[in-house]
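Okay, so subunit A shows up in both of these, paired with subunit B first and subunit C after.
What follows is the complex of A and B.
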């Protein structure tokens, strides 16, 4: 019996590892990934980075312009997250199993959120680029759609987790639908929701850089401009500024999280 | 006489001037922070809308044309510049990029995660690794890929290595947190019986957190699929993302983007459903 157990365990591990190995080899072939080049490029990249990729004295003159673009990107990310969160709250209340009006609207609102979530922000940016051009609104709407989809899923889970019992209790006392939502569901899930919103802002700032690269606006475009023109010292300054901004936002949101949860 | 007295006291109670309002909500630190966070976010949002760079854009007209584009995209998708099999193959290339990234990321992250868990090493090592990982996470993935592209050239090598950086930092955070959840008594008992560090890792730490590790890794695979599409578009990493970028920027063919979006959507939803089923199964087995 005991030997059998260990034999089975060993066999399961072995078959899992061989499947993993086969898929890895398949993936290496299909993506034309060069394993040797992968290992050898790592020290090369570090060497290149130490030689070229640091801000110099003269690149600091570009700092005001870079900061200007950074603030624009931060504002776009925050605006997209908060407006996305408002719409997501509405859809989450309609989509959650505890607070939905009926099963039909519930599955419709969750289905819409699933579609929006699974189209990547980069895809949204390319679609919106056709009509909104190189304005801030392209990035705003791309981030808005992505945030809306993600936050709806997060909010639905929060509502289900937090307010299952209290909704039932309030229904038993004869409270109306809206008073249940506003007096119980929203207040009790608000701390969790704020934590999700802050997480989304952090994610959106990173995505905004990517969208900027694709659509030609914000800090991503600034990076691309200097990167493509081989001005690596200024490009590295942009990276430093982005790191500083993201670490700052992360520490603020960690503080808020500790205070509210 | 007594009844009269009672009546006056009842009147006093009902008198609005004498009535003292009972405070239901108390002002705690958490409610102050919640309120101020919401107010600051709202103010920043309003300010953002005023400061946007609209570039003389007619918002209503642009929104209408976006609706028309979306309608064309989703209702009349077609493939013109490449065939169905080519698109399907490119989807698998993207999946392959995501798989390799997740695999490399997971292997590195398990070791770093063990070193970053406070209960397995000392506090100093843990703080150093966590700080290092937070720094890596702060740089957006696309910048990692582009930085590596200078040394390795544009292509799958730069994409996989650049994306691995972010996967490592994400997974180290997730893994080390699940390692830290392990009961302190288990480690102590094994140490007392004379087990060395590796024995503790392989017989207690990893088996007890395996379900968490698997579900975090699968979640990262889902994220990496989306990231791989974006990297294909922004950093020339190949795969379906590059085709999407070509359809958008060179052929300007909204219907082709629609067809590619359907491909991506199908895979993403399949992955999400697989993840949900996977988690349910793990939960049943774990309990």
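What follows is the complex of A and C.
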């Protein structure tokens, strides 16, 4: 019986691995991907990158213009996250099982948030291109919708996790709905919510670069412009600036997170 | 002694086939210390929550202070809840707020929405909170965050939050189930003290039969949602205990005779 159990477990692992291997081989055959050629071209690619893809003295003259675009991208990301968070808080309070007004509004607000969350930011950007055209407003709304959907979900879970008990206790004292929200739900879930917002800002700055390619605005567009016009030195400067900005934002948000938690 | 709480023919059904309470009857007099004992899942917590309508009973009648709790409108329900303090097994404090803020939460039921939202408390209320915390021996912890306290201290904050309501009655749902024997004794002593010196009626759910017998004026035994014992702790027999805890509990680890002796 016992030997049987372990044998079965081993057999399951083995068959799973062989299925995985078969799928991989099949995919390689269908796409005519040559593994050896793929990996052997890596050194060449690195070599090309080192030869062409580095900022030069001359490209530094473009730095102020690049920084300008970078700041625009950062500000759009932060604005989209914070405004998204305000709306998300409202929907999360209505959608959480502990604080919802009733089951009907609860499922409606969670349903809306689910739809917004499951449409990717890039998909939102393409949808919104029709209404707003190529402008930073398109990028803003794409990030706003994405953040709203994600943060609503995160906030609902935070509220359910941290405030169940104290909500019950305050209900038992006869406290009203709004008193309970402001005296118990928000104080207990605020630090975790801030942490989620910081995470969202970081994610949004990364996505904003990609969204910029689509919407023709911000730092993403700047990169695309120089890259397509074969100005590799300036394009690489853009990449360096983006990496520096992301690392900076991450260290700031880590610091804030440590301070609030 | 006047009757403060009367529970008549109360039943509670969850879903279509789970009966948590069936035809529960008992009454509690002003100032009495009453313990509800029974096995896990017997319906003790449900019974307690039906009294302040945290759970709505399916049928029956509950009278508190000559008011029928069952048909109260939202506003009157809040008003009656301000007269009933509640204490929980897991303390149910707002962990990130200070002890005094948690204590003052007991006043929220009497406040306007705006004052409640902004957390505006009068000087009088704050002094009252400090006084209650002093009685409960929490002077040094007034400005500490609730999550820095030990279990026993948290439960005392829970009691403080209930006391600041100026309640007629305290409902305590397993107040010592998560505490070590020492902290549990402190909590039970405080509850008895509250009942004796302030004249507040105390209704407490307990797992520990010996504790219930030692502290209570009256014992209500519940099994399978029914009251199977209702009387003084002095007259309780081994057979009664077996009836409360079911037939499988032939050899309960304590001895009733020994408890009466001590």
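FYI, the second predicted complex is superposed on the first by the 239 of 261 C-alpha atoms of A that agree within 3 Å, B and C clash if a C-alpha of one lies under 4 Å from a C-alpha of the other, contacts with A are read in each partner's own complex, and residues count from 1 in each chain.
Convention: a residue touches a chain if its C-beta (ideal position, glycine included) is under 8 Å from a C-beta of that chain, and two chains touch if they have at least 3 such contacts.
The structure presented is a predicted model; accordingly, all values stated were derived computationally and were not measured.
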{"item": "Touched subunit A residues, subunit B compared with subunit C", "value": "B"}
{"item": "Subunit B versus subunit C as contact partner of A:191, first or second or both or neither", "value": "both"}
{"item": "Subunit B versus subunit C as contact partner of A:31, first or second or both or neither", "value": "first"}
{"item": "Which of subunit B and subunit C A:169 touches, first, second, both or neither", "value": "second"}
{"item": "Partner chain(s) touched by A:128 [first = subunit B, second = subunit C, both, neither]", "value": "first"}
{"item": "Subunit B versus subunit C as contact partner of A:239, first or second or both or neither", "value": "first"}
{"item": "First, second, both or neither for A:98, with subunit B first and subunit C second", "value": "neither"}
{"item": "Which superposed partner A:147 touches (first subunit B, second subunit C, both, neither)", "value": "neither"}
{"item": "On subunit A, the residue positions that both subunit B and subunit C contact, one per complex", "value": "190-191"}
{"item": "Complex contacts: residues of subunit A adjacent to subunit B", "value": "20, 23-24, 26-28, 30-34, 37-38, 41-42, 44-45, 47-49, 53, 72, 75-76, 78-79, 81-83, 114-115, 118-123, 126-137, 140-141, 190-191, 194, 197-198, 206-207, 209-210, 213-214, 217, 220, 223, 227, 232, 239, 242-243, 246-247, 250, 256, 259-260"}
{"item": "Residues of subunit A touching subunit C in the complex", "value": "162-163, 165-166, 168-176, 178-184, 187-188, 190-191"}
{"item": "Contact set on subunit C toward subunit A in their complex", "value": "52, 54, 77-82, 84-86, 88, 90-97, 105-111, 113, 116-119, 158, 161-162, 165, 171"}
{"item": "Interface residues, subunit B side, partner subunit A - complex", "value": "29-30, 33-34, 37-38, 41-42, 44-45, 47-49, 51-55, 57, 59, 62-63, 65-66, 69-70, 73, 89, 92-93, 95-97, 99-100, 103, 134-135, 137-143, 146-148, 150-152, 155-158, 160-161, 226, 229-230, 233-234, 238-239, 241, 244-245, 248-249, 252, 254, 257, 261, 264-265, 268-269, 272"}
